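Alright, structures below, take your time with them.
Two complexes come next, and they have one chain in common, chain A, joined by chain B in the first and chain C in the second.
Showing the complex of A and B:
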């Protein structure tokens, strides 16, 4: 498919991305432990936003239920680890599979009942609230106290003494996710996703198997979100409902993605990379005297972007011509 | 299960329900005229409650006396927000509007957290800690007053929408914006007024409800979700349906808590929401 592009142009097109990757690889060498933590959190959100974007941006389904997938990953791997001694490296596939199953069920449900966009958002938010309430009250899942992960202190159990290892793991996750979306953009599946988003009726009419592809998008996105949940649980060594199943993290994911540019490849990367460090610095500097300031700023930025920069940072950048965006994604919002 | 316990739970559920109905009615008003799904709805009401608290703490004015000033203030805020923020992005579609209000959720919740701190607050009014007994049913007076006010306002709003020129304009804009414009209805002005009215009612309701809740800055989203559930139950955009939906949710919540305890009681409305969205997408009272 790339045959039309001479290789030189291809390299130039990917140059910003490659430079970003290079910067990400060498960045922790020049940073203190605190900044590495901030970068880990930023990359975690990059991964989460890229995953959400597959459903929320590419396929155009406004899903507010991604906390379910995050919790499915975190809790499945944690329970397998605590009770059966299964390594989270294996548990993460179990968690991912459960999340993908839940995601496919939601996609099937919404298709079966032909839910309009608004109702789909409401159903996912209701399911997310149900998940949150259930986890907060079931003792086996640690209820609202949460579960503490025992430390076995070896790489086989997804545990590392240095944060650097966690940094490179989440970087690998994020890079893989970006490569996946780049590939999705060119693949038939990605084309179908966008067709469904832009006009589902027309997509059905020309023979796009809408249900199958909606389920596929949800499954991919849910699986990835579950992996993020496993990573976050291993990083914090602690799972509890507010962080892993609450609505705040979903709103943050949506917010970062929208600020970056929904439906684009690089929007969900740029959004969290700019906003998470900003928020963390605010929290570190003023968190003691002004709790919640970073979320306040996030909210203001989101409102400002929607009002003055529709399409997010990516649309603004591509208008400036600073970054080449594929025309199909630049128009999007 | 003794019958008077059941009666108590049902009555209390109905009273809470009439309050939910009013909140959902203003949510519906905002949704109907502009197609904006306001996720920050509950947060505006919580903002009114904190405002009432602040005035009480500063100058000792009882929250009930603040209802009308808060209505005026919130009406102005609402129309201002509509003209400055909401209207320019309405054409971008439903989801962009919803994202905008998600941003407002963060702004409002955390502004309140910054100003008032995260501790739970209870705000006393002249009526606090007084109960009224009807036979075996004992009801807190603040709840009784709040739901009476909510019921009166709901009826007032209903009459306003159904019997006045403004109401006819609102319904015309709701049904078909282009046709309404062709009939010479000043769409933007009607939308701004309706939006202001919706937010203004929250200011008023907040003042009356403040005694009923323990305040925390993050409680607004739960209220929004309840109002959304009521709106869906009544059939999105159906004003009369909201009234019925509110009462039903209040009773479901009351009886759910009674029979199954707090968690299931809290889960019941969400289960009901999913079922209604799937099985009766036009609401319980709408045509199928």
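Showing the complex of A and C:
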């Protein structure tokens, strides 16, 4: 399919992505400290949204339990670091493995009994809230006070004096995640994910073992989300339940992804890149007079997107692109 | 023409369903039905609406667990297996109401169907071959949701073929097609049979069933009421009673 494309067309196809990457690489050189922080947060959400999109978009399973995975990553690496002195660079794989195991268990539990979509969403919310309550009350995990990370001040311990280093680390995460999705999209697993999303009965009838692939999608997505948790913990040097195990961050992830375009490669990139800075600016400008206004704006945007471009920004863009590139679209039969 | 040794059922059948019961609440949708299909045969399954044809398909293909009875395919027991295992064992099916993947292209759909047997590169080749075979060669990059109904029906058959099955259960693939399209599909089924694929098909169009089938099995109210060559079945008084008013000999 794609292999038939001449290289020149391939380059043109990837040009917007490459330009975006170039912009991301040079952006911090033109920015002040506060804006770098906003960009770091934006890229963290890009990474989170791309990770969520593998389950929520590609496979079509509306998981609201991703705070569990974020917490699993953050808490595992932090505890290993505090108590055993293990570098978070190593701890992040432990956190990722635990998150992947939790994710696979949730998928297995929900789908072996063929729960319908809505029930799956509710089960994952319930588990996320249980996780939040558990973390908030277990003393070893710092309870609601949280855990403060000791500063060892070296790159080996995932600690950097300059925000620039954190910026490039999360940029690398985000780029790797996008490349993974692009590869996944055309791979056997990705094709299977999409058949499950589109029509599970038909997927079963062509020999797609849907339970196994739903578990795989959850494992990949949970692992990545845990890595985001480790990054965020190292960046803040502080882990506490509200930020890492609360539902707010999951709702933001889903909102950004839906606005950008669920199930597409670039939707979960565009959504947070536009909305996180917007939210931060609103918070900075109006935080004193109208706190929480950014949430209101998010809500309005979500309604507007669902009403006027149900496929998200990406669907709207590709429609424009289709009009421009192929006036006599070959897609219609 | 049916080979006599196949129609006679002397050899071990490819598919054997024995004493199948499927019960939905108080209703016995399939009641003690037994059925053999020999390798290379085309067997038609007919009966009025609600006779249990689709339910029997569901039971054989693993989408519904039979309450009683056994199903053998290719020498192995398959009742109790799920649809995925049964498909992978070489028994594919189509759906009465087309089940496409709206956001996948024709090529992607057929590739996905071929992928459990072969690697990606090979699966893409299989997909292209099958697309041409079912008349979708020019529409490989069209999204399934943009296909016309006849094309979706063709894709339904294509999906089954791409899994490289030994046998296909066809559930009313010709309903809603124009006569010329029906002729095309019938020719396709015959050519696939010549390549060694066995068929069990449910079809409402009596002329189609009577023309294409080596043998016909008739269900009524969940029970098997007749079985035999098309012309024998058409002369069966019980069958005539069920299809009162339809001229079965027209074919």
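Note that the second predicted complex is superposed on the first by the 319 of 333 C-alpha atoms of A that agree within 3 Å, B and C clash if a C-alpha of one lies under 4 Å from a C-alpha of the other, contacts with A are read in each partner's own complex, and residues count from 1 in each chain.
Quick note on the criterion: a contact is a pair of C-beta atoms (placed from the backbone, for glycine too) under 8 Å apart; a residue touches a chain by one contact, two chains touch by 3 or more.
Since the structure is predicted, the reported quantities are computational estimates derived from the model, not experimental observations.
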Practice item. Considering only the touch criterion stated at the top, classify A:258 as touching first (chain B), second (chain C), both, or neither. Key: first
Practice item. Classify the contacts of A:129 with the two partner chains as first (chain B alone), second (chain C alone), both, or neither. Key: first
Point to revise | Touching partner for A:195 - first (chain B), second (chain C), both, neither | key: second
Review point. Given the touch rule stated above, what does A:295 touch, chain B (first), chain C (second), both, or neither?
Key: first
Check your understanding: When the two structures are overlaid on chain A, which partner does A:239 contact: first (chain B), second (chain C), both, or neither?
Key -> neither
Practice item. Counting touched residues of chain A, say whether chain B or chain C comes out ahead. Key: B
Review point. Touching A:71 in the superposition: chain B (first), chain C (second), both, neither?
Key: neither
Exercise for review: Enumerate the residues of chain A that count as touching chain B in its complex and touching chain C in the other.
Suggested key: 333
Check your understanding: Tell me, which parts of chain C touch chain A in their complex?
Key -> 61, 63, 82-84, 87-88, 92-95, 99-105, 107-109, 111-113, 115-116, 120, 124, 139, 141-143, 146-148, 151, 159-160, 162-163
Study note, to complete from the structure: chain B residues touching chain A in their complex are 37, 85, 88-89, 92, 94-96, 98-100, 102-111, 113-114, 118, 217, 221, 225, 228-229, 232, 236, 263, 266-267, 270-271, 273-274, 277-279, 281
**Study point:** Residues of chain A that touch chain B when the two form their complex
**Key:** 62, 109, 113, 115-119, 121-123, 125-127, 129-130, 133-134, 136-137, 247, 251, 254-255, 258, 290-293, 295-296, 298-303, 306-307, 310, 333
Check your understanding: Touching chain C in the complex: which residues of chain A?
Key -> 1, 187-188, 191-192, 194-195, 197-199, 201-210, 263, 330-333
